[in-house]
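Order as written gives the chain letters A, B and C; numbering starts at 1 within each chain.
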Amino acid sequence: MIKLKTILLATTLLAVGAVTHAQDKAVYGVLMKTLSNPFWGAMEQGVAAGAEAAGVEYYLQAAESDQAAEPQLNLCNTMLERKPAVMITAAINSNILLPCLKAANDAGIPVVDLDGNLDPAINEQAGVKIAFQIGSDNEAAGAQGADFVVSRLGADAKGAVLVIEGLSGNITGQKRARGFAEQLAKTAPGLEIVASLPGDWDRGKAANITNDILTKHPDLLAIFAANDGMALGAVETVFAADKGAQVVIVGVDGNSDAVKSIKEGRLTASVAQLPYLVGKQAVENIKLVTEGKEVPAVVYVPTLVLTKDVIDAGTEPMLEFVK
Amino acid sequence: MQTNSQLARISAWRRTQDFFDSRLHVRLESLIVLAVLFIAMALASPYFLSVSNILNILLATSTIGILAVGTTLILTSGGLDLSIGSVLGLSGVAGAYLCVTLDLPWIMAIVGALGAGAAVGYANGLMITRLRIPAFIVTLGMLGIARGLALIIAPNGGAIYGLPAPVVFLGQGRPLGIPMPVIILALTAVAAHYILAYSKVGRHTFAIGDNESAARATGIPVQRLRQILYTLSGLSAGLAGLVFMARVNAGDPTAGYTYELTAITAAIIGGTSLFGGKGSILGAIIGAMIMGVLQNGLNLLAVQSYYQQIAIGAVLILAVYIDQLQTSKEKKA
Amino acid sequence: MSLLTIKGVTKGFGAVQVLNGVDLAIGAGSVVGLVGDNGAGKSTLMKTVTGIYGVDAGEISLNEVRINDAAPGARREMGIEMIYQDLALAKQQDVAANIFLGREPVKRAFGFLPGYVDRARMDREALKMIDRLGARIPSIHRPVGMFSGGQQQTIAIARALTFNPKLVIMDEPTAALAVREVESVLKLIRQMRDEGIAVILISHRLNDVFEVTDRIVVLRQGRIDADLVTKDTQMHEVVSYIVGAH
């Protein structure tokens, strides 16, 4: 008898506790592109840290590859079923998630464009409202890459440069390539971009592109790749062709694979995004929005050019955020 | 040979199977698996059993479902069409190009998408029946060609955005609360099921998949039928491309990537044989729904996509194995 | 007037010449044995009659009408049927489906909806034909691949007989059968003759040929080497023609 009453009491308390506990913490829905790139892994760590600091819970999911567009849309719809307080999404391309985000708008759920994958013009046409867009300034990152190349080769350098773009039609890749090209043209007009080809964020494809261009331009001076994965593919090809010393190779992201390669003296530099910061600040900022505070429409998280010197010196304060 | 008393002993299970098989043309096992999965997911997640979630599942299944219809027709006839994923992308781009870039009336989106699909299907059929190139090779080549064409038509390989409202309705409208893609899938499936299971053309499709030389010997116009089937396969890919384009309001040249394999998986889980002579449209829809319920349920449970891929692969192998077990048991009887 | 006339038929595949000018006439209600060694061209010749192969030269006529250009389906409608050596059955389809293969009866609901196959009628008539042939088949709804060789052959024969043929060609019908089943096939051939159906029997088993045929035609290296009346000849004579020792 006593045991039964105790059990009932305990269960009721627990249930009440669970309900109130559930009501205490808001649950954020986080949808990434894919988890198979350490960049997104670092971002998830940032989200976790941000959520802890903000006192919210979250569930995080991703599609099986960064080309699985329709599955990501289906995932988004399913995540919406759980009625999150907020949807933080990193869309695979600028239009696939819009039907889902519109539904989020209609349900009064604020949406964060994680890492700036949406196109504001298309958003407006579709009538989709975003609370804010957060990410690295991809054009500035591209420009930083150009600055680094020029710092290594000199402003009067003349020669061939290869640009390896991201996935066709992806706005992040487009911005980085554009930022690089424009800055390069401005600061070192003698350096000519002989090819600007899409590597689809794929290491293997980038390696093949590098191979082909190296064959055509054996005295290639520099390669700019829109992400580290592709840059590392290019690195392998360049070193296999024994031209490691000749070609300056710059990637973007600053993920752990890139850092390793830079330390080993293979990849020359990477314009490190700070995905950890991006994730953390995304959560912090949307919490402000849910509290009714103002947040700028575009939140830029700075980028950092990582080179062997910078890494070895270890004094750069932002290094803390490179995971 | 069996005597009458042995006949009477043909179990109730077998008789139920036969009923579903010969009357409804659906494999009983597939229905059971779907029901079991459904119940399991409903028990596992409180979000599963809501009207909006069920509609979500149907909506998520619609593209693959339409593709699986065409795939079933082709597989049953002993053929293979690997190009349908790329044709889906090409069709969406073609439709969007006509009515957005060229600013033609909205009906051209539909004409363009369906026309592109049917045209590619027809070309496949020509090469397979006239030039006698194996279907695997032809459709594998077309997979690349169609994808490349889609990327060329779309500017810089990006999507063509912003379709006219009537077209968007086909993908996002909800007459009576049911998403349009689901309605389109249902109509397509019913029509195709009727053709395959009940019409003379359907019988002949089974025949040429089962024993092509026997079909020819009995007077069935094998090559003409093959040509028609490949055109229909392309048309179904065009319809899927149209629905997808309307759903995301953009002609996306990268759409449909690897969908041909998913469509084949759905068809086979539903009881269609990879080698021809056996197939069911309703079965393919059930197969697609099995995958859809699995993915949706696992999504709701926040299981990562990689485990879902493992689950679906396992279901495919299991489905075929169970089917094989049964066939060999019957052979020994 | 003969039912089937083959005149000067030649047929080659690439560099290989299989038929080198065949002349043959078959009368209605007669049973003709077509014998010859492997590679003599028997199956090929019969496939030119059913329309699966076209001829390079020569003429094939049915009741004096030239049928060279008719497709296999059309020739079946004219009354030419063949039971192939491999039976040409769709193994995953059931008995009725196989019997009506290529000639499924169609019903139109309400006159305008696309027609659907009349399964009920197919099942009825298939059962009738199977019973008439005196065969025991456990269920007409199982896929025919599940049945024994003898049962499968009964189904192939049923298919050939269902549409009132004028000429039935049988390619090695008894080769894989048990003794009792062979007897029933021979009995069937006699029945067909009595009903006025012409039968061409291709067989290696000369005993069977001598039992049921009126004529024996020997094909060697793509040409008819001998055209003998069965009751006027003997086994050793036929064999000598087959091997070319005559």
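As a convention for this text, a residue touches a chain if its C-beta (ideal position, glycine included) is under 8 Å from a C-beta of that chain, and two chains touch if they have at least 3 such contacts.
Keep in mind that this is a model prediction, so the values were computed, not measured.
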Notebook entry, point to check: Which chain has its C-alpha centroid at the greatest distance from the C-alpha centroid of chain A?
Noted result: C
Check: Taking every chain's C-alpha mean, which one sits closest to the mean of all protein C-alpha atoms?
Finding: B
Next item on the list: Could you grab the centroid distance between chain A and chain B? Build each centroid from C-alpha atoms only and quote it in angstrom.
Entry: 35
Item checked: Computed distance of Cα centres, chain C from chain B, in Å -> 40
Next item on the list: With chain centres taken as the means of their Cα atoms, state the distance from chain A to chain C in Å.
Entry: 72
Check: Among the residues of chain A, which are close enough to touch at least two other chains?
Finding: none
Margin query: Could you list, by residue number, the parts of chain B that touch chain A in their complex?
Written below: 47, 50, 52-53, 56, 59-60, 63, 151, 154, 156-159, 161-162, 172, 244, 247-250, 252-255, 257, 295-296, 299-300, 302, 304-306, 308-309
Checklist line | chain C contact footprint on chain B (complex, rising order) | finding: 1-2, 6-7, 10, 18, 22, 194-195, 198-200, 202-204, 206-207, 210-211, 213-221, 273, 277-278, 330-331, 333
Note to self: Quick check on the complex: what are the chain A residues that touch chain B?
What the structure shows: 34-35, 59-64, 67-71, 73-75, 77-79, 81-82, 93-96, 98-99, 122, 125-126, 167-169, 198
Margin query: Quick check: in the complex, which residue numbers of chain C touch chain B?
Written below: 50, 52, 71-77, 82, 84, 88-93, 97, 101-104, 106, 114-117, 136, 138-139, 141-142, 146, 148, 151, 159
